[in-house]
Structure formats: structure tokens, C-alpha cells
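Take a look at the following structure, please.
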Amino acid sequence: MKKLVSLGELLMRLSCEDALRFSQVNNFKVAYGGSEANVLITAANFGLETEFLSVLPENDLGKSALNDLRNSNVGLNHIKFQGERLGLYFLEPGAINRPGKIIYDRQNSAFSKIDPEWFDWEEIFKDCNWFHWSGITPAISEKAAQVCLHAVETAKSKGIKVSGDLNYRGNLWQYEGANPKEIMSQLVDKTDVLLAGSYACSQFFDIKNIQNNSELSKALIQKFPALQRIAITNREEINASHHKWSADLFTESTLLSSTEYNIYPIVDRVGTGDSFMGALIYGLQHFKDQKALDFATAASCLKHSIVGDFNRVSKEEVFELIEGDGSGRIKR
Amino acid sequence: MKKLVSLGELLMRLSCEDALRFSQVNNFKVAYGGSEANVLITAANFGLETEFLSVLPENDLGKSALNDLRNSNVGLNHIKFQGERLGLYFLEPGAINRPGKIIYDRQNSAFSKIDPEWFDWEEIFKDCNWFHWSGITPAISEKAAQVCLHAVETAKSKGIKVSGDLNYRGNLWQYEGANPKEIMSQLVDKTDVLLAGSYACSQFFDIKNIQNNSELSKALIQKFPALQRIAITNREEINASHHKWSADLFTESTLLSSTEYNIYPIVDRVGTGDSFMGALIYGLQHFKDQKALDFATAASCLKHSIVGDFNRVSKEEVFELIEGDGSGRIKR
Amino acid sequence: MKKLVSLGELLMRLSCEDALRFSQVNNFKVAYGGSEANVLITAANFGLETEFLSVLPENDLGKSALNDLRNSNVGLNHIKFQGERLGLYFLEPGAINRPGKIIYDRQNSAFSKIDPEWFDWEEIFKDCNWFHWSGITPAISEKAAQVCLHAVETAKSKGIKVSGDLNYRGNLWQYEGANPKEIMSQLVDKTDVLLAGSYACSQFFDIKNIQNNSELSKALIQKFPALQRIAITNREEINASHHKWSADLFTESTLLSSTEYNIYPIVDRVGTGDSFMGALIYGLQHFKDQKALDFATAASCLKHSIVGDFNRVSKEEVFELIEGDGSGRIKR
Amino acid sequence: MKKLVSLGELLMRLSCEDALRFSQVNNFKVAYGGSEANVLITAANFGLETEFLSVLPENDLGKSALNDLRNSNVGLNHIKFQGERLGLYFLEPGAINRPGKIIYDRQNSAFSKIDPEWFDWEEIFKDCNWFHWSGITPAISEKAAQVCLHAVETAKSKGIKVSGDLNYRGNLWQYEGANPKEIMSQLVDKTDVLLAGSYACSQFFDIKNIQNNSELSKALIQKFPALQRIAITNREEINASHHKWSADLFTESTLLSSTEYNIYPIVDRVGTGDSFMGALIYGLQHFKDQKALDFATAASCLKHSIVGDFNRVSKEEVFELIEGDGSGRIKR
Amino acid sequence: MKKLVSLGELLMRLSCEDALRFSQVNNFKVAYGGSEANVLITAANFGLETEFLSVLPENDLGKSALNDLRNSNVGLNHIKFQGERLGLYFLEPGAINRPGKIIYDRQNSAFSKIDPEWFDWEEIFKDCNWFHWSGITPAISEKAAQVCLHAVETAKSKGIKVSGDLNYRGNLWQYEGANPKEIMSQLVDKTDVLLAGSYACSQFFDIKNIQNNSELSKALIQKFPALQRIAITNREEINASHHKWSADLFTESTLLSSTEYNIYPIVDRVGTGDSFMGALIYGLQHFKDQKALDFATAASCLKHSIVGDFNRVSKEEVFELIEGDGSGRIKR
Amino acid sequence: MKKLVSLGELLMRLSCEDALRFSQVNNFKVAYGGSEANVLITAANFGLETEFLSVLPENDLGKSALNDLRNSNVGLNHIKFQGERLGLYFLEPGAINRPGKIIYDRQNSAFSKIDPEWFDWEEIFKDCNWFHWSGITPAISEKAAQVCLHAVETAKSKGIKVSGDLNYRGNLWQYEGANPKEIMSQLVDKTDVLLAGSYACSQFFDIKNIQNNSELSKALIQKFPALQRIAITNREEINASHHKWSADLFTESTLLSSTEYNIYPIVDRVGTGDSFMGALIYGLQHFKDQKALDFATAASCLKHSIVGDFNRVSKEEVFELIEGDGSGRIKR
């Protein structure tokens, strides 16, 4: 089986227990996350072979992060141990009308010093049929942007399918010389399947005054004619504990739409977009478009019930939800 | 006061903390459960004298299980310590659209080796006015089925009221020579008050193509004319955290119906049927039919707010809910 | 900046973990609370200078209570250490249709022995522009009632604004010679801003057969003509985990009304009235009436998401909710 | 089998987790204790029939305390529910050279209002062959002292064996008219088996300038000639985590001595004296004096390894330690 | 690099928190263990390539067990998923003079149904240079004994080095036809390196009246002349929290001895023998005999500080202890 | 009362629960520390007025750190909120022969950007009679070194007593142009009371081949003739859980020595040197030299029993230990 490869930073997540605020905690729960790792783990759960490219610091925290990934069955043969600090993020989950909060502490991380020379790209892409990137990587550092572009170009040149997630983060892109519009355009230009959102498109590509997902998709395809599929997730936030969730997939001038899920009370919403992307990649390899969209929407609906960034649901569990069993009845 | 007696297996329940999945836990919360013990504890909470007949292994786990039961005020003078292992079940509670999961590990338990000779039936039934059985016991082993039938026949012959709960479990009934249809028919034939469900009736008694609870009740009475009351609970599962709950009671050709409760966010749904049965037994001894039904429905509604298999609510708390105070206002 | 001063008892709160009942717990979570301290902490969070007058026992529990208050930025220069026991309350939070329960254990507390001679009132009121009292203090002991009245009279005589919260508690007022109607009338008579409720008004002032908040306000003003503002909160309890919440403010013959918030699943409802009062005091000093009301309602809506009695939200967070962002979207 | 009966107050114990100080805790661990209950539970563990006489408040805390006792197999048929508060004590365990601390909060407890009329003494002493009291009960209130004396006199008059534990507590004896010397002399005068200590003897009986346990025993017997056995425990406190422990038993002019145990690192030293007493009562009923002493010393040595006030070791475990297996080797 | 292969059962370990007894726990801590897995993980930590042969049930518990092993870097390409239950053991750690207790619940486990046909022995032994077995495997079931013997014979026939650990467990060997003496003799007969103990040798081989480790070694070699190395660990149990630990290695008629370590307060002693064996296998491949013995003794000394069955120390940490730094000084 | 002022970085400490290793944790316990804050809190506990100068980031983590300090009663009127990240350190406590480990993650912290212009030195030193610095501050960044030197020079010029702690940390001093020897000499040159160690003196001042504390003191005074007192602590590490601890004070050519404390089992050894320094500063202001030394040694002995970096013992508790009560007997 050919592999899904992705490149990205792995972060330690330190989150508040129960509904406590930062000012109240005496303990942080430890987990790991990162958009690209989330995508791979989701896909690996469903049975894809995967390989994660990343850089971790040469200390016990870097090793612990790797150990945690290991039990997710993701390929880890190209992790580079180099540098001094593991990127962190602190999470205060929201409740009712109180928003969640994330404090990033990832500057100067081991990953931000990444170098294209550290990876054997020939070997990496030998058994690969799909490469995935996210807009977080080029936002971290100039080096990270270079490696990301290098990977996308190399993959494309080898005829490997490329997917991307725009993932706009206003608080990144802080390195000297950061030029989000240029690098993001170069990346999307070589991308086949894109997870997009209207705010990200306005920030990166000046696509504005958009009325609906169909218009957004058409505007994107006009700008990046190589795009074959555009996926857009729709989240209606009733409060921090209750969302509605659905998604659209634009394909050859048609907009396919999924069921809308009514999701409450939310357990953990971090990583839901990534779980959609991982499931979509799996779905597009195994199903027709509508079923791939339904599979990805159901998988990411289920992610809202899982503690941590990573989705831990099986293919069978997703199928049951698609087939209409959202009752949550106990399986004995 | 005469006693309510029941016979059944006590299991250790090992459940995941918070919303974690089996693959994520580092701790299991320990509790105890078992359909018949749940029924007795519910009734004992309301003030009935009770006696539990069971077999526990001769080790610290068996003794700990007994200790835990002791603080529930259930009579424990006929517990037999014999055998090697305590039956277990592992519980992963569901969340949102993700179903809960139960893994049973109860084969070859101390209880499964139960023998009618181990109990002094004369002494047991001397001060007894009600015997309760559930369809789980005959499903465990041939010996357990024999003891269950023996107890029901002896009770019946002494003019003791008999109740039963069909409790169909497809993953039990695995012993050699298991014949669910025969033994269940023999048991229900000597039963006065039955808790039934349409799926169980189709499996055990080939009662099929049933439109509603009234039809189901009539079909049962046709088959088992000695039945005096048939109770049926109705659960609408909106998701794993949100159910609607009501019940019907068929009595002398009339179908009485309870209020429907809207229950969210669910704390623990395991044991809710048993808490209905225990409250119904109490209710039928103290109230008219409609009030008995209302009492049982309200008691089991409240069970959804209680951690563990056992219901821990008082008579007064049930009355307050029946009288319409479902506001959950703090009592100071 | 002039200070907000209040006088009241600080209690240790011992609450059950998760959804456990008193009969199930092996641990109590420790927090501190008390109506007047809750008001001050809310106001201090928003930036008011505050001073808390109280009595704590001379032992490690009294000192720990003080330490906990210290990190709330409330002025603590007039705390008196004298006496033997800290008042306690035990909290079993409700769930679904099961009400919460509070057991008070505060009799003979250090605070109940309070003496007006222990405080330097000149010094206390020197930099004060607002004094707040609640109906709990005069309900504790005769001495506490005397000190409360002394403080209100002194504040009033110095031209300091006075607010009060009726806070009716049927299980207090147990000391010999307790006369709630008399002392409460004396206190409200010197009060400018009152937080009232219809049940409290019927108990304290025989104001009965009231149809709505407007009528209640008018009846109060007729009885206590010095009142300038009357606030009334409206709580609709759908179940213990789901409330609707709004408030009205009566001012110069007009009844202003806030938005109604739909609040679920509730994290902790204790102290929400106090957080309304603290925010109203802040609001009336900084905004026009309608905005003050909106600010107080939004602040107390957010309190339902905070663990413990004390509100821990910032001015900015309240403004965001007022401006319509109740989506609970993560802030990165 | 005849019963061991005792009378005393049951307290809720709220203790700090791990090695935290009062000023650091966010949770208290909940347990129950009380000298006389500790004695009964120890003896019940070894197989004695027991009955506990006590008063608990009519609220959920009183009921929870009773539930906890229930799973200790102690007879609870004469517990009186009356009054308002459960006595409490707060425990900060010591560590290394830092002493443990206990803060009592037991004044005005339900037990302190105890009345001899509340108990049916004829019924209580009908099947009793041993009554045990401790010096804590007469120190609580005048009523408690009266009931204690009444119980001892009644037991004595019926030829029931009486044991007592001096248990001097300087911070009790605070009620008006408390006269420790008089009441304690009256109690010991009717006692057969006494657990004594030199400090308690100097406080209660002015027995001073004592060189050793033999002298102390002789002085006691001179004063109270009815005493048949005097037990004295010896604790050498190297630090808060490391003690040496042994005991002596004075019997018919001979001083028997036990092995000395070297105990570290201590898990919980509260209740060790009571576990000695409970084991001694059991031992004196089943063994010769030296073996009874050895049994009691070994049982109380093991108590240092048990969390909570109550000893939870079996007869077999004590015998193994007596027979020299203090290795702590795992039993499989 | 050639691999170390072993065959054995993986158990879920459910252990009491803190110093609680079975009768006190409300939670079990979850870990995994098994003598042969412990050996492989120890060796994998030091850098050996390893492969674990085992059978796990086809359910979420089996998969979770595998996930946990995955983050230990042990080869898992030959795990068979088949059968219904995961073997369990319950652990109550000891404290002071109170022994630890283990309750096994492993009968009828998935592993006990193991079949030699399920494994591709040619493939397994292709890159293997060392096979390790323990006396637990032949004690589980007749099938397990057959597979163990088959593996040892096949390895031996291919010139692969074979090690074994006698691991006598009196409570196993319960299957019909179990003949410990015969099968153990067959196994040791083909073993090069043996971890032995005097009690096991008396039970399995009737080697009795042995004065010291030298005599024991000589008696073993007389019986099994193919043995090249015999290792014996020496544990002096002062109490459950304080042991002394050393080891001897018999090699070509010489008895080498290690340093004795003074170990207190013990964190977790389960798996220490296995950590010795894993380190010895590593040591014998990399060092001379004395250094191999020192390495294994130091590694297993450190295991006493690690929570769980598995040793989690690095080669560097072992070297530091060998070089005399047992000070436990903080590394910054 | 005049104040003790100090300047330093406050770090968040994330430590492993129980005896778990970094690779095992699912939670980190949160606390705060920093050598200079530790010194101030110790002294504030004993009753000194204190003021802490520091820089914290403008986010919820910075505010939470400040809140935590607030309940330590340290003056916080000159804390500067500026910058982006809070310095962190991760702690894996050691056990038995396994050393503890600290991973620092403090580069580019808010504090490292500190600027002398941010502080009003006139105002700060107005009511100050003692300034304390530690060798950690000049090791953080060039700016931090400048501010530290500026503070020491200003204090000295105003006749304020100056103390310092060499606190050698090999893994700091990483900024460009770092010159430890030069800046440390400048600082000690203006210092009256120094906490020194032989390794630090060899690294900073090339003082080598020292036989004992007396020689070390004399060598220091030769180099820095203004030094009036030199304190040296002596730690003998038997293992990670058992240390011996004493200290010497060199004063006017005499070496005073303290008692040696035998400390086991250690709860938390981090911050013990700082607790010595804080107590010494208090002691030198209130007692003669020998008593000041005894006070500081006993206070820091007790610190080993306290969870977290900060010492939380009272003056009275230290006196009790000095007076010979190291028994750890429970105080009731």
C-alpha cells in the first residue's frame, strides 16, 4: 500500500482540567497535537499507511512526544531529533457562553529550525501516493516555509496527489520577511484537494464579498485552476458546548453537501477540522465524492466526543453514524 | 415486614474516567452492578426489606464486592463464598453521537458454578412476600438456569408474588445446551409482574410484527395468562447524552402511561431499567397502579443523574419529581 | 480611586466531585464563598478598589481562607482573627432533574461573634464611596445584625452610596430574639440600590400578590422611598443543568429589561446572584442604567461557566458577550 | 456469640492529599473515625460481634457516616438520628521533621446532646459480654459524661467485662463544670482492662515521677484495685515518618513485653492506639496474656500501613507478622 | 542487527492507588505486564531489536494492550488477535510490614488457547540471535507449554542462543495433565543462560538442601550440562518498602558477585527480576561477564523506582549508577 | 518596618505526579518558583516586609503566576507586565537511586528582556534595608545582568545591606558576550552576606583545591574583603529520598556550624537552598550569628517536607525544631 505523507510540527498541549480557568488550575492535562499529525492519525486509524515528517528536540520531552505518537500507528522513520525546545500550547476549554482560549508558546521550537537537507526526499516519496500540507507550517519560520514548498514541489513533480488545509492563524507569520500571500499562492497552485474557509481566503488571496460556499469555490478555482476538489466545513456555534456541523465538497462545478449534525454537549472541539481532512483523504481514495464527504463529516462529528487533538474512532464507527445511528445506544 | 428476595450475579464494573475511550484510560473507576442487585438496592432505598442471593469468589475482590453492597442496606445473610473469579464488565460511556461500549468478562465466574444445594430455600422464603428474577441469570450457565427456575417454582408454590425482567442479552446464553425459549417460557409462566420489551419478546417468544405496547402486552398475556401486570419502558435516544424516557403499565386490559421525561445531559444510564423495576415493585406494594407507574418512571428518570449502576435516590426525592418539580433548584 | 466596602462571613465550601452524591464521595473539593465576598471579588475583577470586613478564626483554616482571598485582589486590611471555627457549607451539585443540595454548618462561627468595637469605622469609610450589605449578615447572629446596621448607618451618615441584597435564607435567623422584619426594614430604609426578589419581599415586608417585577418595584419604593434603583433577576429552571437567565432594573419609574440568556450545560450556579450584584455596582459607576443592567446580566450569565462561588471573568469578556458573541468560539 | 459494645462519637475526617499543607489543598480526602468506632471495627475484622452506640445528625452527612460504618460489619441497630451537625476533624499529616496537625471542629455536635433516655440499655446489654469506653466521651459534654458513666455502671452491675482507654485530650473538657479527675476516677474504678499512658495518668490522677511502665501500673492498681490488666503502648518518634512501636501488659504483678517494631515510612498513624485496644480485647478473649499482647502489638503495627482511622487487617495477616514475617513479601 | 525474540502472555494490571487496600479502592490504575514482555522492553530500551510473540483477544482491551506496548519500541509484527479475554492481575502493593498481594484472573485467556500453527517460525527466527522463555508460559495451558517447547527446540536447532527464567508460580500449572518437572527439564535442557532461584529448583528439579548460590549453580549444571551461565538474584526484604538487592553470575565454575544495593522507599517492585534478565541479555551481548552482571543488577535496582511492570531507564542512567552515583542528585 | 527587596525571574514549574517519569505522565502539577521569589516568600512567612521586582508576560499565564505569588504576602507593586512568554521548567523528581531531572525552557522569556528603565529605583529603595540577588539573574541575558548590577550598585550606594547567592547553573550563561567571571566578581564585590559553594567558587573565581568550608571562606574573603558573612550548606545525598543536611556560617574569622539533620523520605528538595537564604536574612536581622545559622538550617530542613519550590513553615515551627522536637508528633 502506498503512503500518505505529511510534514508538520508536533506540539505538547497543556490543558485545564474540568471547566477550570487558567487562573484556577493546579494541574495541566498533557496531550499532543498539531494539524498535520492529527490528519495522519485520523487516516491511520482508518487503515492508511502514513509517514510523519517532523523535528523534535533532543530531550525527554521530545522523546515522550514521539512515544505518544507511536501508539497511533503512524510511520515515524523520518523524525529528526535536533534542537532545544518542544513547541507548546496551553488550552483553556470554553463552557456555555465563555469562549475557549489558546495560548501558543511555540516560537524558537526545534521544528522552526527545520532544514530541507535533514530529509531524504527520494526515499520519503518512493512509496507515497498522497502528500498533505497545512498553512500552519509556512507560518512558523522561513525555514519551515522553504521545506513545505520544497516538499509540495517535489511531490507534485513525482505525480503524487497533494492536499492542503489553509488553516489561517493570525498570530503566526511573525518571522522577518513573512509573506503569507506569496507562499500560500505558490502552495495552493500545486494542490489538488484543498480545505478552505472564507476568512482564510480573504486573508491569503483577497477573495472577498463572497455569499456562499459555491461562490467561494468558484473564486478559488478561477485563481488556482489546478484544484480538483475544494472542501469547506460549516460550523454554527450556538454556544461553546453546542455546535451544528456540516460540510460541502466542490467537485467539477458541483457543490455536494453533507448532513448537518447537532452536537452537544461538546467534549473537545480541537482538531475537528483536521479529523475532517484525514477522513476526506481516506474517503477520496476509497469512495465516490458524496460518500467521501459524508464519511469525513461523520468522522469529524465524532471527533467532538474525543478527548485530545487526535481522533480515535474506527471506520466501522463512522459507518454506523452515516447509516443513521446517531443514538449513542450502548454496544454490548 | 416481609422481604423482597432476588437471585443474581454481582459484577465488578470498571469504567473509563471522564469521556475517555478504552484506548486512552490510565485508570478505571470501580463500581459494582448486576440487574438483580440493582433492583434490590433501589427497593431497599425506599424502605423495603430485601435479601440478595448470590455467589462470590473466596478472595479479596469477592469480599470487597460484598462490603460495597453492605452499605446499601440489602440483606446479605445468604451470600455463598465459593469459587475463583468475580465476573467483570468494562464500560466506555458514550458521548454525543458516539455510543457507549460494554465488554463483558464474566465467563467461568464464581456465580456461574452456583448450585441449588447451597441455599436453604425454606429459610429464605420464610419471611418473603415477593421474589424477583431477571433473564440474565438463566443466560449465564446451566446451573444458574436451574437455580433460577428452582427459586421461581418454590416461590410460586408458597404463594409468593413473582416478578421478572426479560433482559435479553444476545452475547450471553453461550453454554452448551442453552435453550432460551424453553427456560424463559417456564419462568414467565410462573410470573405475576413482568418487565418486557419488544425485541426480547421477539427473541424469546417469537412475538413479532407488534405495533405498540398495547399489542405487545396482549400477545404476552395470551401466551402467559397468569401475568397480572406488564410494564414496558420507552427510551428515545436523541444522542448518547440526551434521551426521552417514559413507561407504560398494562393491567387488566388497560394500558396506563406515564409522563415523558426529557433527560440531558445524562450522567450514567446503566441500571436505569433495573431502577424502574425496583421502584415498580415498591410502588405496586404501596400505591394504586397509575401512581406505581409514575413512581417507577420518576425514580428511573432520576437514576440517569446518578454515577454507578445503583440508584441512590430517596422516596421523597421521587415524590418531588412526580409533583412536578423537575427544576433541579438547589435545596438549602 | 474610592473603595467599595462590604461586610460579611467567608465560608469554606466543600463540594462533591463530578456528579457524585454526598453518600458517594471520597473527596470534597475545597473552595471559599460568601455573598458579600463574591460581590467584592466580582467588582475587583473589573477594576474597583475594594475592602472586605470579616472575622476569621485564629487557626490554619482561617489563614488558608484569607490566603485564598488574597489572590482575588480584594483589600484585606481589616480582617479580624478571633474565635474558633470557620463557617462551612457542603454542596452536592444537582444534575438533570435532581436538585442540588446545600448543608450549612456555620453556627457558632468566628464571624457570628463579631463586635462593632473590632473595626475602626472612621478609617474604613475614609476612602469609601459605596457600601454593600446582604440579608445574610443580619440573619447570622444578633451581634452580626448590630454590626451590619451600624455599618449601614455610618456609611449613610457620611454620604456613601449604600446597596443591599435581600438574600432571604429561611434556615438562618435562628438566634434568640431574631426579628427579620424589623432589622431588614431598618437596613433597606437607608439603602440606595437594592437587589430584590418576590419571595424575599413577601417574607420580610409582607409584600404579596405581586404580578410582575414592575409591581414589585413600585411596592418597594412605596415602602422605602429612598430607594433609587431596584434590580430583580429572573431565573427559569428547565432542569438543574439548563436555565434561562435575565434581569430587570427599575429606575425612576421605568423598568429596564436585559436580554435573556439560554444557559446549558451549567458548570456552577452558586454565586450567580452575587456576581450580578458586583457587576451592577461596577456598572452603575461607569455606565448608563441600561448598559449597567446589560453588563450585570452578561457577567452573571458567564458566572454559570465558572467553578466555585467567585466570578473570574474580565470586563473585556463581559463586553464581548454583550456585543453578541455568545458563540464560545476559541480565542487564539 | 456475645457482643462487644461501645459508645462514642463518630467524626468526619477531612485530610490533606499527599504531603500538602492546609494552606495548599484544593481537596480534602473524606474518611470517618472516632476512638470507640475504631476499636469496634478492629475487633469486628477479627470476628467479634459488636454493637456501636452513637448519635448522628439527621442529614445527608449523618447518613453517609452511617453508610460508611455499615461496610465495616459493626452492629448499628442502636444509632440515634437526632440533632444538627456531624463532628469534624481536619488532618494535615506530618512529613519528615514536620509534625502532623489536627484541627477539631466538634463542638455542639449531634453527639454532644446525647441523652441516656435515648437508649434501651436492657436490650443493649442483653447479649453483651464486654463494654468498652474511652476518655474522649466524658470530655465532650456533661451529657456525654453522664451517658458514659451510666453505661459503665450498668455493664458492671450485670457482670459484663469493662475496658477503657484514658485517651487524654487537653483541648476537650471545655464544657461548664467539667471535672476530669472526678469522672475519670469513677470510670476507671469500674474498669477491668485499661489502656493507660503516663501523661494521661499525671493529668487525671496526679500519678507523677514515674520511672517506667511497671511503676505506672503499680501506681494505678494501688489507686484502682479492681483493675485486672493494664496495657501501655510505647512509641518512639524518630521523625513523623519513622516510629518504633511496642507495648507492655501488666497482669497480676507481672509486666509482659512485646517485640519492638521498626515502622517506616508511615502511611497513617491515626487510630493506631485504638487498633491496639480492639485487638487486645479480641486477644484477651481468645489467647493467653502474652499472645494477646503480641497480637495487639502486631495488629497496631500493621495499622500504620492503612489509610484512614480504621484498621483493615485480618487475623491471618496479624498472625503472619507475629510469626516473624515482617518482610512484606508479595502474596500471590 | 539480529533480534531478541520472546513468547509470552501480556496481562492487564489493575493496581490500587496510593497505599489503599483492595477493600478501599474506588479506582484501579491500569498498566500492562508479563514477564517476557518486561524482558523485551528492558532490552529494547537499551537498544536491542526485539520481537514479541503473543495472543491478544479481538476486542478493545486487546487493542489497547497492543497500543501500550507500541510505545515501548518492541517489535509487534507477529501478535495474533484471536479469542475472547485478556488475562488480568490485580495488585495491592504492600507497605511497611504489610505484604503486597496479587490476585490473578488469567484462566481461559486468549493466550491460553495459543497454537503453534498461528506463527511462521521460519520468518520469526530468520533475523533472530537470541530466544528467551520463562516458566510462566508452560504453566498456563497445555497448548502454551507445547508452543514454548516448540519455540525453544526450533531456536536451538538453528543455533540461536536460548535463555530462560524459571519463574516458579505455585498457583499456575492448573491445567489437566500439567507436569512441571518434565516440561521444565526439557526446556532447561536446551537453555544456555538461566535465571534460577533455590525455591524454584527445589520445586521443579528436586534440588534441595542447598547452602548457597555456588552449590545451587553446580547442582544445576550437573543436571543440565549445556548451561553456560546461571544467574541468581538475592533479595533481602527488610520490610515491604525496604529491600537489599544483589545478584550472582555463575560462569565456567566461577561465581561472580555484584554490589549490594540498599533500596528504600520502594516505588514498585513488580518486574524487577525481569528487568534484571533483560539487562543481562543485553549485557552478555556487549560486555564481559562481570560488567554484564553489574549492568543487570544496577538496571534492576533502578526498576524499583519505576511505576509499572516495565523498566524505563536508559543505558546511560544504568552506567551512572554502576559508576557509583547513587546519590539521586538532580540533573539539570 | 523596612523591606527586603529582590529581583528575579518567576518560572512556572510543571512536575510529574507521584513517581512517574516524563515518558509516563498524563498530567503535570503546576507550581511557581524562582530562586529570588523563594527567598522572599520564606522571609515574608517569618514576618519581613518584602518587595519582588520582576517581569511577567501580558497573558493569562503571567497573570496566573502573579495571582499565585499574591497569596504569599510578598509585595508586588513593581511587577512589570511586558513581553510574550513565561519561563518554564519541567521537573521529574527522583526516587531511590534514580536522580531527579530538570528541563529548563526559559529562553526568550519576558524577564530576559528586562530593562533598568522599567523600574523606579528611588521609590523602590526608599523603604528598603536589604537587597538580595542570585547568580541566576546575570546568567539569563545581558539585560538581566545589567539590571542586577545596577540594583546592587544602587543599593550599596544607599547603604543598604546586600546579600547574594552564587547559584551556579552551567546550562545558563548562554547569551552572546556572557562573562560570568567578570559580572559575578563585580556583584560579590558589593555584597555583605554571601551563600557560596565550592563548585560555584571554582567556576566563577578559580578558587580551587579547597579542603573545607573554612578554607573556602578565607579564600573568598581574601578576594572580596567587603564580605561580612559567608554561609555554606552541606548536603550528603545518600539517595534521592534520603539526605543529610547542615550548614556553616563564617563570621569574623570564625566558622560556626549547625546541627546535622537526617532527612527522609524527602517530599520535595527543590528550593531548599533558597529557603536557607531567606531564613538566614531573617535570622541575621533578629538573632545572634549562631542562632541565625540554626534558624536557617532548621527552616531549610523543614522545606524538604513541603510540596513546591516555596517554603511554607512558620517561625514557631522552626523554633520547635531548633528546640529539639524533630519527632513529628501530631499537634492537636
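Going by the order they are written in, the chains are A, B, C, D, E and F; count residues from 1 in each one.
Rule of thumb we're sticking to: contacts are C-beta pairs under 8 Å (C-beta built on N, C-alpha and C of every residue); 3 or more make two chains touch, one makes a residue touch a chain.
Remember, predicted model here, so these are calculated numbers, not experimental data.
Listing every chain that touches subunit B and subunit D alike gives C, E.
Among the remaining chains, those touching subunit B and also subunit C are A, D.
In this entry, subunit C maps onto subunit E through a rotation of 180 degrees when their C-alpha atoms are superposed, rounded to the nearest 5. Although subunit D and subunit E share one sequence, what matters here is the overlap of their interface residues, and that overlap falls short of half of the numbers used. Distance from the centre of subunit F peaks at B, each centre being the average of the chain's Cα atoms. Note on chain placement: the centre of subunit B and the centre of subunit E lie 44 Å apart, centres being C-alpha means. Across the assembly, subunit D contributes residues 21, 23, 26, 67, 101, 265 that each touch 2 or more other chains. Chain contact topology: the protein chains form a pattern that is neither a line, a ring, a star nor a complete graph. Contacting chain pairs (ordered by label): A-B, A-C, A-E, A-F, B-C, B-D, B-E, C-D, C-F, D-E, D-F, E-F.
For subunit D in complex with subunit C, the touching residues are 14, 17, 21-23, 25-30, 59-61, 63-64, 67, 84-86, 88, 90, 92, 101, 103, 105, 107-108.
The part of subunit B that touches subunit A in the complex is made up of residues 18-21, 23-24, 94-102, 104, 169-171, 237-242, 265, 269-270.
The residues of subunit C lying in touch with subunit A in their complex are 261-268, 301-302, 304-308, 312-313, 317, 320-321, 325-332. Interface residues of subunit A, counted against subunit E in their complex, comprise 67-68, 70-71, 73.
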